[in-house]
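There are two complexes below, and they share chain A, which is joined by chain B in the first and by chain C in the second.
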Partner chain A sequence: MPVTIVFLLAMVVLAVASIQVRKAEIAVIYLGIFSLFNAIFYLFYSAPDLSLAEAVIGSALATALFLVAIKGYTLRRTQIKSEYRSPKMRLALFGELFWGVVFLTIGFIVISFYFGTVQDVGKPAWYHYVRSFISDTGARNAVTAIYLNYRVFDTLFEALLLLVGILATAYFLEWPEGKEPEEEIATKPDSEIVARISGLLYPFILLYGFYIIVNGHLTPGGGFQGGAILASVFIIRYFAQRRLGINIFILQRLEKSFFLGIIALSMLLLLPEFMNSDFKVFHLVLMNILIGFKVCCGLAILFFCFIFQQTKVEDTKGRSERG
Partner chain B sequence: MSELVGNVLMGVALVFMTCGVYGIFRFRHFYLRILISSKVDTVGFITLTAGIMVKSGLNFFTLKVLIIVVFFVLTNPLATHSIARSAYKSQYPLPEDDV
Partner chain C sequence: MAELVSFIIFFLGLYALVVKRSVIKSIIALVLMETAVILYFVSGGFEEGKLPPISDALPEQMVDPLPQALMITAIVIGISSTAVALAMYSQLHRKYGTDDWKKLMKIRLEEDA
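Moving on, here comes the complex of A and B:
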């Protein structure tokens, strides 16, 4: 199909451009466009779930996080730049490049051996899932049927990974003990127009996020995607009004309790006599809602950690300039 | 009849967009370019969607397109405004003469 070839070529061009460009901010923008093309490309291969996740997380949340991190980093860049130019550092970089090429070659050789020996056994699992997922789980969306019913314990560990990653980020970025982070970050809104119009837009974005979560078992979408959309509301709110409006410690506690709820609900699948056909659908919707809120809390915490770290760097810089 | 009007509107939208793309390459300065690119998006897109709405007639699909247009009219000038404002606030130089 020629359209897919055009998109593939554009993705290759954008990937190379994001590596080759000098300024890190522009590279991040290129990466954001790359994931947007990636999301459209998933649609051609009829994976709208993945496409939604990629569009929200890849091109909106990740871009914002990278930009915030770079803004904090560039304030300290001059020191690192001088280190970068020394001949010892260059030698080290060359060595890294050499070993990278060697390992990549070994990897390709191993993978080519693997493809030489792989044997075609047909797709029995695929046929089984596609034939019987409606009667087994009550979901109309096969992806939801798999990740919330057939393989629900995989989903548990996936959610746990996100939780652990966020806890580690919050731990290493050092919240000040006993201080209200809300007080630290609050400043004046940047632009009156942006604040007003985005205030008008929140209800629609919230409605869209809830729609994606609640209809996760019927249409493309689900807890992860809808949660990311809900988290983007927090981010827009921060950029428009320069205040959090919510305590981060409460968010952390909420995320943990939502995770406990997810574990408790998924244990119900171990009691088959309890799961009649009406309760199955209810169970799917409830799981999706819990996962959505948990992902929303997690991504919002991650974003606010980065924002807080950046304002701290700016504060210390301002103090050293004044003093 | 509505089909013809819709096609004509879409053609007009394409003309707008072509002019806009030419303008982006014609002007050299950042502030002029951002003005032109906002024009391409807003005017061209609104005309195009008006063409689509006229062509499909009164049904549910038209309502969905109308909601998209309302969303776009709210957000696109907002994005242009914030880009231009942050460029001005970080002291990006204004053009010296008019072109």
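Moving on, here comes the complex of A and C:
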């Protein structure tokens, strides 16, 4: 299909651009556009669930995290120019070109090996899943059927890894114990218009997020995507009104208890006599809701950790300039 | 075609990871490599003309749902690993005031000596 080829070429161009651009903010924006093209490409490849996940998480949330994390840290244009003009730097750039050629050569050697050794073994798992997922699990979406029923261990460990990632982020950013950061962060919003309009938008975004979560077993979507949409409400709220409006410690406790709930609920799959056909669908919806809330809490905590870190940095900078 | 492009993006990421001197470029390279792996899995489960694995299609028309289900978890894990990397970068920059690997190495060596 020619459309997919256009998207693939655009992805390669954007990847090169995000690597080669010197200013970090512009590179991050290119990376976000790359993720968006990637999400559209998944639609052509019949993967609507992945497309939704990549658009919400990879394109929107990751870009927001990057931009908040590098805010105030990047070089000025004149600094970059003076650094890149020196002859030492020219030599380094030549070295980069050399290594680029080397890596592309290695890449093509690997590709030629790969296409020489690929072997078709048939698709026994595909055959089983697409034939029996409706009668086995009660879901109408095979992807949800797999990650909430056939391979629920994957989902459990994924949720655990997300929790560990959030704990590690909070550890590295030195979240102060038992301190309420609400007052320190609150500043005036940038724009009155944005603040008012986003107030109108919250209910619709919340409704869309809940729709995605609750209908995860029938349509594309599910707990991960819907949870990320719910988390984006917190982020929009921060950018519009410049206040958190929620206690981060409650959010952390909530996330851990949702994780416990997910583990307890998935244990029910071990009792086959309990899982009649009505309860199966109810179980899927309940699991999706728990996963959605857990992912929402987790991503909101990640974002607020970075926001708090940035305000701390600006605070110390302002103090040193004044003093 | 998509498999080939995923290989190219993966090696672009590897190139940037080895060559670029900026820490933030290394994190971007990690994200690119991860996206390439996900793209490879999705294109491996696809055949021309197959429909999404949702109830209205006949079972023979559906694409393989297994790689898609695995890759959704990979995307969510990807953002948490990116966040950990960014948190480390943030602390590094606050402590040493630069995001150049070579300068950082020099400062760390002077500190040790």
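General observations
By definition in this document, the second predicted complex is superposed on the first by the 276 of 323 C-alpha atoms of A that agree within 3 Å, B and C clash if a C-alpha of one lies under 4 Å from a C-alpha of the other, contacts with A are read in each partner's own complex, and residues count from 1 in each chain.
Heads up, the rule we're going with is that a residue touches a chain if its C-beta (ideal position, glycine included) is under 8 Å from a C-beta of that chain, and two chains touch if they have at least 3 such contacts.
Worth saying up front: this structure is predicted, and the values here are computed from it rather than measured.
On the superposed chain A, the positions of chain B and chain C stay apart, so the two partners fit side by side. Looking at the shared chain after the overlay, A:Ser35 reaches chain C, while chain B stays out of its contact range. Of the two partner chains, neither chain B nor chain C is touched by A:Leu160. When both complexes are overlaid on chain A, the residue A:Ile197 reaches chain B alone and has no touch with chain C. Of the two partner chains placed by superposition, A:Ile263 touches none, neither chain B nor chain C.
Touch criterion met: A:Ala27 reaches chain C, while chain B stays clear of it. Set against each other, chain B and chain C touch different numbers of residues in chain A, with C touching more. The gap separating chain B from chain C in the superposed three-chain model is 20 Å, by closest C-alpha atoms. Within the complex, the chain A residues that touch chain C are 4-5, 8, 11-12, 15-16, 18-19, 24, 27-28, 31, 34-35, 38, 41-42, 45-50, 53-54, 57-58, 61-62, 65-66, 69-70, 73-74, 92, 95-96, 99-100, 103-104, 106-107, 110-111, 114, 123, 125-126, 129-131, 133-134, 140-147, 151, 154-155, 158, 161-162, 164-166, 168-169, 172-174, 218-220, 222, 224, 295, 298-299, 302, 305-306, 309, 313. By the touch rule above, chain A contacts chain B in their complex via residues 191, 193-194, 197-198, 200-201, 204. Chain B contributes residues 71, 74-75, 78, 81-82, 85 to its touches with chain A in the complex.
The touching residues of chain C, counted against chain A in their complex, run 1-2, 4-5, 7-16, 18-22, 24-25, 27-29, 31-32, 35, 38-39, 42-43, 45-46, 50-55, 59-60, 62-66, 68-73, 75-84, 86-91, 93-94, 99.
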